[in-house]
Amino acid sequence: MGQLSQLLLAFIVFLSLYLLGSSSLTGCIKIVALQGMCLGVLPLTVRAEGFHPQGLLLAAGMFILKGFAIPWVLLYAIREVKIRREMEPMIGYIPSLLIGAALIGVSFALAERLPVPAGLRTSLLIPVSLATVMMGMLMMISRFKAVSQVIGYLVFENGVYLFGLAIAYQVPWIIEMGVLLDVFVAVFVMGIIINHIARAFDSISTEKLTRLSD
Amino acid sequence: METLKLVASYLVMLVFAPPVMLGIITKTKAVVAGRKGPPVLQPLYDTLKLLRKGAVYSTTTTWMFRLGPVVSLAAVLAASSLVPLSGTPLISFNGDAILFVYLLALGRFVTVTAALDTGSSFEGMGASREVAFSSLAEPALILAFASLAYRSGELSLARMFAPHGGPGSAASAVLALGSLFVVLLAENSRIPVDDPNTHLELTMIHEVMVLDHGGPDLAFILHGAGLKLVLMASLLVWLVLPEMPVAGRVGSLVLGLAATAVVIGLVESSMARLRLIRVPQLLVAAICAATFGLILTLR
Amino acid sequence: MIYLLLVGAPLLVGLLALVVDSDERRPWLLPFGCTIHASIVAACWKTLPGPAMNGWFRIDDLGLIVLSLASVMFLVCSVYCLEYLRLRKERRNRLFTACLSFILASVSLVAVSRHMGILWVGMEAATLATAPLVYFNHNEKSLEATWKYLMMGSLGIGLALLGTFFLALAAIPFEGRGDPLLIDTLLSRAGTLSLPWLKGAFIFLLVGYGTKMGLAPLHSWKPDAYGESPGVAGAILAGVITACPFLGILRAFQICAAAGLSEFAQGLLVMIGLLSMATAAVFIIGQRDFKRMLAYSSVEHMGILALGVGLGPAGSFAALLHLINNGLTKGVLFLSAGNIHRAFGGKTMDHVRGALRRAPISATLFLLGFVAITGSPPFAPFVSEFSILRAAVDGHRFGVALGFVGLLAVIFIGMATTVLSVVYGIPPNSDSELSAQGDSPLMIAAPMVFMALVVFLGLWLPGRLTAVLSGAARLLNGGAS
């Protein structure tokens, strides 16, 4: 576990924090793209014993998909419906930032207490992945705009992927491919839906999606 | 002889670094905007001009108003002796990082009381903003210091900011660097927190507090503010600089300060001032980043 | 080979449906594909096929139950679809038909997989293939329902993936000997699993797959998705697609039981089961929309399933039986509710009254289905619910038993209010052209078949089925497969 991957992981968490405090949707999409690129590069810094072609392919796929394809779909979606900013979220920016910092603390404490296998003990992978998962979920539940929720979901997925990276050396790579597929299709379908939401409601706020309730 | 050289180089830094750094920032902004801009030493000329003038005091003010500029400059000067401005600090002892934070706070406190002493609503408004934002910037500063202190096991500025190669140190150092940079921008009323060039009272923070000061008082305040910028910037530079012999340190510090000034200038040219309501958000983000850095060093 | 057929045949039919260009002929592919699938499943009942692909695929008793339930539900619903899609000419049915087939394929994949990763992939595919079904009506409400379904579904599936990763981490002590996600490997080396990670894995799998199943507190997508999708999609969702995540939870439970964590897992299951039942009870009272009422009923029955498994071997047997009974009864309810919905053009009590006069047979089926699902003899759910109650009492879990019965009673009253006012009374405005749409042969035949099965299973449990169910219950409680 070199300094470089430590730096990348810290940067990934920092980007999640940034997302929690940011209101510009375009900015958020760019940040999540940057985070995706970091995830794509990360496997190359984690495995010191050299790369197999499969790993390289996965890294490249991840880089293109999370760094370019998905952000492009999202940017397309918000261009189509002409929205720029998140409205004031359910949990304000400052409280969500503070909750985010607390979540980081919790996940580090958790990773400290769980019996992390010897190879992963010094690495930040597991605590960072837990923190990213939690921050993604926080973003999903605290935002109203459909796009913000998708971004939250992407952060969540990034965290899950990080966890997968931690155990990648013993789980067949098909699982990692599954993650890619999952993200891609999920966002693809969500993109379509967002498009339809725009047509049906003239805005893609899920706050308006409240006709169905008890 | 060594001591004499140290003191001499300190004096040079104390006198020239603040105006030059401010000058470089202004110059950078001018160049980016396609203008020629004032000479780099313009802030120094301004200070000298102000020192030659007399001061006017309103009848409503008391000794507190006169105390402000003097004490704030004195506090920053005292703080500067703890920062290795010429390779090594003038004074260094375990725990001086805390003294450093408190000296900065003292400087701010007297500036604020002086502003309140005028009884003007504008000054009061600026003071309240300054205090509100500082109350968020200070935790970030302290948390960043804490993570650096933990990393090095020392509580003196010179050691904390010395190069360090322990495991996991790079990430926490970068996070500390990031949050310290935000604190630097906030404490020195730079964009995106405050715009030093605006003179619209409603949007200013720091500038509005010192509206009633003139002559030497204003010169003290301006020089003190510039010195504060130099101190924080040099801490950032020390954090980044690798291990090197003492001889090369001063030169690299000067270069580093210039580079920092350019970076600040670029930041100021590339973004607008944040709305006041969004500033706390930025500072809280800095706090969070510093906390994360601390968590990284603690594990 | 047989596994390839089970998954591949519906997949091919689905692809074919994408190619066929006639809205009239396309639906005929469905009964065709389902018949093939059902006959393969019947062959499986004759002789259980052995493992294939490094042991990634194998049908055990648990998988067989889910697979057969899916096959039967799909076969009957596909016939219903013929008539339904003929009536809904204004909508293109290309995606609907294809996605139904894809769902069958992915459900089969889940049922036959012995690998937690493959199982997860199948679940993901099923989730995505369901979205177009929910969105079939293409209006604002169905859009909202689809959005919630996708968001919650993706979250659930993501959490389940995290749980799967935890499971792989729990298997670190294997030190590379054997695939750490292969269920057989996990079971045979369960003693060496790292317990804290296994506990985490179970919690995440329970919450993640529980979201997909519709267990409280992450059930909020369910009333919307069930309420806005066509009746037949509701039947598939409530009967089949909930069975898949349940299977995922059962697999996790199996591993926990083998590792000696059964008490921990059972405690969680009982808790979440009772919580789901209570949530359903709260929302079912005063529910004016009868399709949403059915959705809450589904939440309730998912809770009953979890509760049953949490009550030990006898409870597990009953829960597995209830899985089948609930699926079939939900078939009756959703299909007849769909008929009533169409006959009145609405699904709230404000629009729908006196269904017995306008669509007599559908209304009768709806009424019978209600009686069955609330656990009255002689219908099948009575048998399974009573067995769960007995398991609770026999295990001296009197508090659980009391809660179970109390909640069932509350739900019975809540549902009765809605159902009776839908079925009895005088239709709001009796214009004759609408009532012509009331009952049509194929659309009544399908729920009638389900009803017949429910009555049949209520009166007599075939010996073979009992054997498979008890085999599955043994698997769940530490038995060898």
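Labels for the chains are A, B and C, by order of writing; each one numbers its residues from 1.
By definition in this document, a contact is a pair of C-beta atoms (placed from the backbone, for glycine too) under 8 Å apart; a residue touches a chain by one contact, two chains touch by 3 or more.
Since the model is a prediction, treat every value here as computed from it, not as a measurement.
Chain nearest the geometric middle of the protein is A, using mean C-alpha positions. Of the two interfaces, A-B and A-C, the higher number of touching C-beta pairs belongs to A-C. Computed centre separation for the pair chain B/chain C is 64 angstrom, with centres defined by C-alpha atoms. Averaged C-alpha coordinates put the centre of chain A at 36 Å from the centre of chain B. Centroids of chain A and chain C (each the mean of its C-alpha atoms) stand 31 Å apart. Contact residues of chain B toward chain A in the complex are 167-172, 174-175, 178, 280-282, 284-285, 287-289, 291-293, 295-296, 298-299. Residues 114-115, 117, 133, 137, 140, 146, 149, 153, 156-157, 160, 163-164, 166-167, 170-172, 174-175, 178-179, 181-182, 185-186, 189-190, 193, 196-197, 200-201, 206, 209-212, 214 of chain A are the ones that touch chain C when the two sit in their complex.
Considering their complex, residues 117, 120-121, 124, 128, 131, 135, 139-141, 143-148, 150-151, 154-155, 157-158, 161-162, 164-165, 168-169, 171-172, 176, 179-181, 194, 196-197, 200, 223-224, 227-228, 283, 287, 292 of chain C touch chain A. Remark: chain A residues 3, 6-7, 9-11, 13-14, 17-18, 21, 93-94, 97-98, 100-101, 104-105, 108, 112, 122, 124, 127 touch chain B in the complex.
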